[in-house]
Every structure is written in C-alpha cells, then in structure tokens.
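A, B and C are the chain letters, set down in written order, and residue numbers restart from 1 in every chain.
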Amino acid sequence: MIMGEQKPLEVILGMLAPYDKIVLAGCHGCVTVCRAGGAKEVEILASSLRLAREAEGRPLEIKEVTLERQCDPEYLEPMRPYLEDYQAVLSIACGAGIQFVAEKYTSTVVLPGLDTTFIGVTEKQGLWVERCQACGDCVLHLTGGICPVARCSKSLFNGPCGGTTTDGRCEVDKEIPCGWMMIIERLRSLNQLENYRKNLPMKSWKTSRDGGPRRIAREDLME
Amino acid sequence: MKTASRLERVFDEGHFAVTTECGPPRGSDPEVIRKKGELLRGSVDAINVTDNQTSVVRMASIASCAILKEMGLEPIVQMVTRDRNRISLQSDILGAAGLGLNAILCLSGDHQTFGDDPDAKNVFDIDSIQLIELVKMMRDEGKFPSGKEIQGPPNLFIGAACNPFAEPFEIRPIRLAKKVDAGVQFIQTQCIYNLDRFEKFMDEVRKLGLHEQVKILAGVTPLKSAGMAKFMKKNVAGMDIPDDVIQRMADTPKEEQAAKGIEICVESIERLRKVEGVAGAHIMAIEWEKMVPVIAEKAGLLPRPDISVPSD
Amino acid sequence: MILKAFEKGADGVMVVGCLEGDCHYLSGNLRARARVGRVADVLDTIGMGGERVAMYNLSAGEGNKFALFATEMVDKIRSLGPSPVNVARKSRKQAPAQEEK
C-alpha cells in the first residue's frame, strides 16, 4: 500500500496562516491503514490545529471529513455541496488523492498535510517499510521475490556492491538490510543460484517514471 | 584486440604489474595533480585517478587523467555509475579515449550519503557490471547500445574492482566471475590486510579458473597509525583488518607507527606476490602518494619495466 | 480524546491507567502512555506546554495515592496558570469590539 507521513504541525500551520475556514479531508484508503490520514488522524489534527490557532488568538474553523477514497472521482463528489463555504482544503490523503481533489475542484486552494513516502508493507505494528518502486517491469521471478530496485540502495541489478557490512547490512544505514545479501540467501534456499550467475542486462527505465507520467488504458473496462 | 595501455603490455610481457591511485584536488589547480604525478613517476606502471570517491566532490577524473597524460604518465580513468546515466557514460567513454587515455576502471561508486551532497539524486541507471559490458560493446563491436555504429570506437583496457572481504564472502568469487563474463580484463582489489582470508578467496578464484581470464592486482594500503587502522576497521564496510595487524601497530611507539605501516605493507606485497593468480599490486597510499616509490622500492618492484608504448 | 478536553477548556489533563504489567487489556496502559507522550509533543509544538498532560498508573485499591496524584497535578497546573487557549478566549470575550469579522 501507499505510505505517508503527516507533515510537521508547524509546517501545516504555516500553510494555513492565510485562512480561517478550511476543510480537513482524510481518506479511508491506504493512509488510514498506515495511520497517517484516516478519520482518526483527521480528528487529532483538527484538534491540534484548532488549539494552536486559538492560542494565537486567531481561531480556525475546520470541517472534518474523511472520504472513502480521494483517488476515485465518485468519492470526491460529497464535498461539492459545501466546498464554496470554505477557503481551502487541507488533504491528508496521498499525493495522488491531494492532486485529484485539486483537479476536480479547480477553483479551490488545496494544501498537502501529508508527505507521500513509498509503496510498502506493515512489517509490524507501527513499522512500515518500502518494498516497491513501481518501476513498471517486475523482475521478482529472477531475484527470489526480493526487489533489487527497491531493496538495494543503489538499485544494482548485479549486486552486492562492496558495502555490505559483516552483519549483512547496507553501509548506507545499519537499519537497511543488504538487499542483495537477501536475494542471494533466498536464491540459495530455493536452489536457484544459477539465476545470480547470469548477468542481468541494462534495464529499460522507460516503464518507470523516467518515461513521463504513466497510464494504463483498459478498453474492456471503459464506458 | 590490444589496446595502447601500458598496463596491458606489462601483463603481456609477463611482468608483475604495479599500479597506484591518486585523488584529484578539491579545487581547480592542476599543479596539485602534477605534483602527485611527479612523485609517482617511474615507480608504477599506471595511475588510477578516482572519480569523486566517497561522493566527495573533486576535480573530474577524466580531466585529471588528461593532465597526467600530458606529463607522459599512464593514467587509468575511474568511472562510477552513481552520477551518470548511460548517455553520459557513453559520452565520457568516448571523451576519455579521445583524450588518449588507454584504460578505464568501471565502478558503481560510493553512495552519495557519505559525501558532500547527501541530498543529491543518484543515478545508477546501470551498474558496474553493465558498465563493463557497455565499454566492451563500444570497443569490440564498435556499436552503441542503441545499435548505432561508432565512428572510431574507444580502445580502452577494461578494469573493475573487487572486494574479497565484503559479505556474503562465499559469493565474492562468483561476482568476480560475473565481471569476467562481462568482459573485464584487470581487477584491482580492496585493500588486503587479512592475507589468510584473501588466500582462501584466491583458492576459489583458481577453482573457477578466473585467474587465467583476468589479471588480478592485489590492493594494499599502508597504515599511517594504529588509530587509522582502528578507524577503518570500524567505519569502512568490507574492510577486514585482523586484530594482530592492529596490535602490531599499537605496540609500536607513535612516532614509528608510520614506518611500521610501510613495513607491514611491504611484507604483504611480498606474500601476495607468491599467491598464484595475483598478477600485480595496486598500492593505494591515501593522500600519502610520496610513500608509493618507497614501498615499491622496498618490495623489490623497481625498476619498472621499460615499455615502449606506441604513440597514438 | 485528550486534545478534545483541552479544546473544551481544560488547563491540564491527567490520564490514569492501571499498573504497568497488570492491565486487563494487556498492553492498553502502555499504549496509553505512548499516546499521552504524543499529545505532550503536540502541546509543546503549539506552545501550550507538554507538561499540561500527564499519565499516572494506579491499582483500583489505591484511593489515597489517587488523591495524592490528583493534588500534585492540580498544583502543577495551578502553577502553570490557565492554558494559552483559555487566556486567548478570555481576552477575546473582554474585548469583543476588537475581534475581527
């Protein structure tokens, strides 16, 4: 799922300085699961912002709303009736959601309350870690189900480099396990080390974001 | 096809080769690199020039190499994939050859986190093994990866690095085999302090027959002090400095530690020279270039063979 | 919600949980402590002061201790004075003419 992290409160307060009536919009999608932009976070952020602004003597009126998803047009519609009563929307969905709000409501100021960080998994309660960089050309069948693009700090296709520490960590950060060490261990346990023996050729990054904004068009699903 | 590389000639004539490296200046003064070159003249067969090592910004490797070349020295251009995409790499490969450089060392490069600009966007469009393949394709097939023909292919002797001491240890000979498959012709290893472990690595290398397909130069770095040894062991990933080496340094009075470091380095070269499959020594005296002739002399590596390289 | 209490005009909030290691909901009291910590961070960031919220642990039979903790908390909040939010609200009420809009 897509992970996000709330921007620091002081940064959000700075963005909101010109306004005194806003909509704070959360999302029931990915950012609810990673506890950054769901209904509960809307409630906490709204309280924090109101308190801060009251203490400054400039109260902020906030309409709290959490949409089913901000990345689908039909779920954005419920905001339409009341939106013109407010000066801005502070969205704590992912970057896609925030942009879609801006796109659908062209005359409304839309502000990001969240930094979208990565596509990842919940390793355990409270710990989310990146797994995929959406490069658009999956090679997991060759690398034991562990991605060299996302898991190696240099995205090497023929690793590991010389920077693996004695305990199998990446020299960049001891919190990062060496992706290639994991790939090799996994290939060995699957009896697939011959996959490693072959050099992987230069990757085409055209399917990654280097080819510009990407799209998937499914004729069979379009109306 | 043979290149005009002096290093390649040295190997071909059966000599034990000696290379070294020097870091370009943190500024634009060419005198810095000329001084280093002068110190090294006559003591080595070729001089690597690092490419923004540890992601610390320095004068371009290609430019520094051109300055050494002008002095009649034999530089090896180091090229990392960290900062260049394949377009830029191809262009720089042509540029290096165009300046009369004869050898290239293909590297991925230290991660930018360690250097001046941790906020930089890294590139890593391709990796070091793919860079070897790229140079080889351009040289031997006379073609760009796009399939277009090269007018005047770059005739470069192709090298790469190898760290026998980084985990996972048992995969390192296999990774070397991957580089050999890619077309590498010479290898310079990470600094060797743990000779027992290096000899075990070479056992595996010989089992795979790699020593017959690639010239391996054993990397050595003289320790300046016990403090430096401890620092490197602790802070440099894949740097294996055994306790007895550190102890030997620590047991020496401070003012004599530098000399002890040289002594250990010379001993290492003498032992490494006897290891089957080691074809040369790569002496990396980090910001201590003046010691390279001393080490070469003491290790009995002088004089260097007089190779007349055809002028290009 | 602790922040709601501050919005409603509390100058301080005392959260009381059961003894650590003795929670009916296993780790509920530990999580509560962590949340109190987050609220304190928010209060610090917005200039209200993180010391206005505190977590205490008690068992059901410790009435005296509860009284002691409560007095301690009340004394602390008294010494801090009314929260900046309450101060701002009061001054707005006293000078309604100056209020914008």
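Rule of thumb we're sticking to: a contact is a pair of C-beta atoms (placed from the backbone, for glycine too) under 8 Å apart; a residue touches a chain by one contact, two chains touch by 3 or more.
Computed from a predicted structure; not experimentally measured.
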Query: Are the chains arranged, by touching, as a line, ring, star, complete graph, or other?
result: line
Query: Taking each chain's centre as the average of its Cα atoms, which chain lies closest to the overall Cα centroid?
result: A
Statement: Cα centre of subunit A to Cα centre of subunit C, whole Å, reads 33
Task: Quick one: report the Å distance separating subunit B from subunit C, using the average Cα coordinate of each chain.
output: 63
- line: subunit A to subunit B, mean C-alpha position gap in Å, rounds to 41
Message: Could you pull out the residues of subunit C that touch at least 2 other chains?
response: none
Message: Give the list of subunit C residues in touch with subunit A in this complex.
response: 1, 3-4, 6-7, 42-43, 45-48, 83-85, 87-89, 91-92
- request: Under the touch definition given earlier, write down the residues of subunit A that touch subunit B in their complex.
  value: 153-168, 171-173, 178, 181, 184-185, 196-197, 199-203, 205
Task: State the interface residues of subunit A toward subunit C in the complex, per the touch definition above.
output: 8-10, 13, 43-44, 47-48, 50-52, 54-57
Message: Taking the touch rule as given, give the residues of subunit B at its contact with subunit A in the complex, in rising order.
response: 82, 86, 108, 110-111, 113, 122, 124-130, 133-134, 145, 161-163, 166-168, 171, 174-175, 177-178, 181-182, 190, 237-238
